[in-house]
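Think of it as A, B, C and D in the order they're written, each chain with its own count starting at 1.
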Amino acid sequence: MSYQSIKEECLVANLALPKTGLVDLTFGNVSVADPERRVFAIKPSGVAYDKLTAADMVILDYEGNLVEGRLRPSSDTATHRCLFLNFPGIRAVVHTHSRSAVAFAQAGLDLPCLGTTHCDYFHGPVPVTRTLTPDEVAGDYEWETGRVIVERFSGMNPLDIPAVLVKNHGPFAWGPSAAKAVETALALEIVADMALKTLALNPSVMPAPGHLLDKHFFRKHGTGAYYGQPA
Amino acid sequence: MSYQSIKEECLVANLALPKTGLVDLTFGNVSVADPERRVFAIKPSGVAYDKLTAADMVILDYEGNLVEGRLRPSSDTATHRCLFLNFPGIRAVVHTHSRSAVAFAQAGLDLPCLGTTHCDYFHGPVPVTRTLTPDEVAGDYEWETGRVIVERFSGMNPLDIPAVLVKNHGPFAWGPSAAKAVETALALEIVADMALKTLALNPSVMPAPGHLLDKHFFRKHGTGAYYGQPA
Amino acid sequence: MSYQSIKEECLVANLALPKTGLVDLTFGNVSVADPERRVFAIKPSGVAYDKLTAADMVILDYEGNLVEGRLRPSSDTATHRCLFLNFPGIRAVVHTHSRSAVAFAQAGLDLPCLGTTHCDYFHGPVPVTRTLTPDEVAGDYEWETGRVIVERFSGMNPLDIPAVLVKNHGPFAWGPSAAKAVETALALEIVADMALKTLALNPSVMPAPGHLLDKHFFRKHGTGAYYGQPA
Amino acid sequence: MSYQSIKEECLVANLALPKTGLVDLTFGNVSVADPERRVFAIKPSGVAYDKLTAADMVILDYEGNLVEGRLRPSSDTATHRCLFLNFPGIRAVVHTHSRSAVAFAQAGLDLPCLGTTHCDYFHGPVPVTRTLTPDEVAGDYEWETGRVIVERFSGMNPLDIPAVLVKNHGPFAWGPSAAKAVETALALEIVADMALKTLALNPSVMPAPGHLLDKHFFRKHGTGAYYGQPA
């Protein structure tokens, strides 16, 4: 099987979605790129997770051409492709409708950084995008969804804040591998749940102080990291 | 076994209810019609899901006469029958007391359309019915429950918004098959949960814009649909 | 084994508590009476559910004397005994710290009747007791807990509202059998969860109308009941 | 294997964390001390629970020197060590990011004592620490986290209130054994969940009265305890 490695990585990550509780019904998808060959594997559209095989994964190139596959790719494919083209350094994208993250996306609010669980994954608030215009929705909708994500990250490093909330829609997360991107999508849902409960207790709560944010993020990321085992 | 096909479809869908978490105890039921023969199969009343067999399903005709079955049909049977008679094009009805949908029904509020998860299933808010009058409750209560649902859909297409919230009671969902009606009942509970969390964050949140609603609904429904695999 | 029938009924019901999710750790207990012999079986104190056997159940008489058993009975035994003495017609008592019912008990609020799920089990709000005085707590605390429950039901029929919320503590439910009392304790937690969500959406929500309450309660209880299968 | 007893006790307790639902991903750790030998066992950093063995546990002395182990200890090790040194009488420390307890920590609020479930474990509110200063975070951060916990317990007995909420971070719990410390961490999450729901119903709710708090705490603790079976 050609492209077997990314197809299998993509399958394993897609199967992880319902197991983690992140995804109800078929509301989620994962893609995995091979940046050197400029192709990516993605879940076929609307297929139940318990029926998926590695051979079902669809391969497209970075220009959006079908390279291999018998099935129609996820309806969100153009959004994934836009992120691979614009966020160098990422190899996988995860989209879910996980409920607490969706609540912030529907409320139109950035997910604030309220504590160390958040800081361990995201170096600042997880931003919400602007509303797409009628023209953007009438045009190449899924590609435009990617464009507003990229626009929102203007001046920000997508590797330091590896997720976004698409307004009135839901979260996308990304990372260096499919497993890490799924972990980030799960961490996002957890910190969104914690933030919902925190805001219920104290609607005017202040963000975690910047020195704590830096400490926790860089405890896990970059050259000074000391969390986990040495590679 | 006569009517075997709809009895088995009805059994499978009833068994799906507790598995999805939609139903506690015996708080739910599914019916499946054969519109050509003008009969439907429905769960017997108050029987535990783990004891149900296809042979336990009760068959009634569209006039409410018992056609086949040893057990008493669901106490909500007349509501199901009223929907089969008034909503041409539906083949299955699901009733649950799923908790977040019940919260909107008890609060007396339409479930607003706040994001794409909702738009994928319902082309607008899911409406709540008016309170039944004392006379309606004292009369043929379950039939009158169906009547207020039909009244609430006056001028609306029940195939575009395939669910309702009965005031101070709970949700009914419907569709072209029992599996699809159960999926819709589950999607309803999920979007109700998301809406509860969204309203907690932002009590004055605006609905998703109309162009986004149309895009997502018609991405999945009608002749221009492109979600999922070709039939 | 003497008193085998009530010991086994008591065991089965105690084991049901953690399975339903009603009980965390060892925060719950069930008792089952034999009213003719004026004795009851109750869970031993602080024993993990996965270690319980029927032989571990403790038998006491209605005056509180130990009749049989090697283990110390539940610390809440005197509350159960007080209910058996004062509420004729009940055969089983369930005590849990289920979380949504506890929230109403801690908030000091009656659980209002907001919809048919509630009406199916309780013919009106589930009442909260008054605070125990320092003298009552310093005295025979668990017996006095029973006394304030009985006081709260003055003028009410405990068979029509088979549960109570003890202020700053949690729920007790009762019924004609241990299985039915556990079902009622579960229904109480479910309707408390629904009420929490309803009040979050609409803090000034009105109770379900009286004609709907009567209809649903008497659809399931008394001589005109037509829910379920004929006995 | 040397130190086998505390390594195994530590392993069993770490494995209990994901089973109880207290811990997502790898967000938690347990340590177990041998106070006579002034050493403790702790989970290695960032290792998935399903891969852990007793031999993976790291042994350190009370001065923080590595005594035995191939892996890097938990990044929170210095916090655990600070508690062992300053809270005589404890043998185990548990750290989690359990969601409702984190909500109080992020909101900067003590967890109030609202009912008997709380009183059974904690003789008063569970306190939240002050914010660490930039200097404290820039210095020996994890040790300083322990210092602010110890500072917060000035004048309080850590055996009567065996848990704390670290501001913008999360809970630590402790006890005479790893199993008891995990039970306390679980009870903390349960009462935090109950308190969140109670405060949603009644934001100005009063704490449980002092006579009830004393009664329940001393029903389970100290020489007058009568909960559970005699030792």
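For this structure, a couple of remarks:
Following the convention adopted for this analysis, contacts are C-beta pairs under 8 Å (C-beta built on N, C-alpha and C of every residue); 3 or more make two chains touch, one makes a residue touch a chain.
Nothing here was measured: the structure is a model prediction, and the numbers come from that model.
Where touching is counted per the definition, chain C and chain D have no chain in common.
For chain D, the chain with the farthest CA centroid is B.
Taking each chain's centre as the average of its CA atoms, chain B and chain C sit 33 Å apart.
Chain geometry summary: the mean Cα position of chain B and that of chain D are 46 Å apart.
For chain D, residues touching at least two other chains, in rising order: 200. Chain contacts in this assembly form a single closed ring in which each chain touches exactly two others. Those residues of chain C lying in contact with chain D across their complex are 24-25, 27, 44-47, 71-72, 75, 97, 99-100, 102-109, 131-132, 134, 137-138, 141, 168-170, 196, 199-200. Residues 114-117, 183, 186-187, 190, 193-195, 197-198, 200-202, 205, 208-209, 211-212, 215, 219, 226-230 of chain C are the ones that touch chain B when the two sit in their complex.
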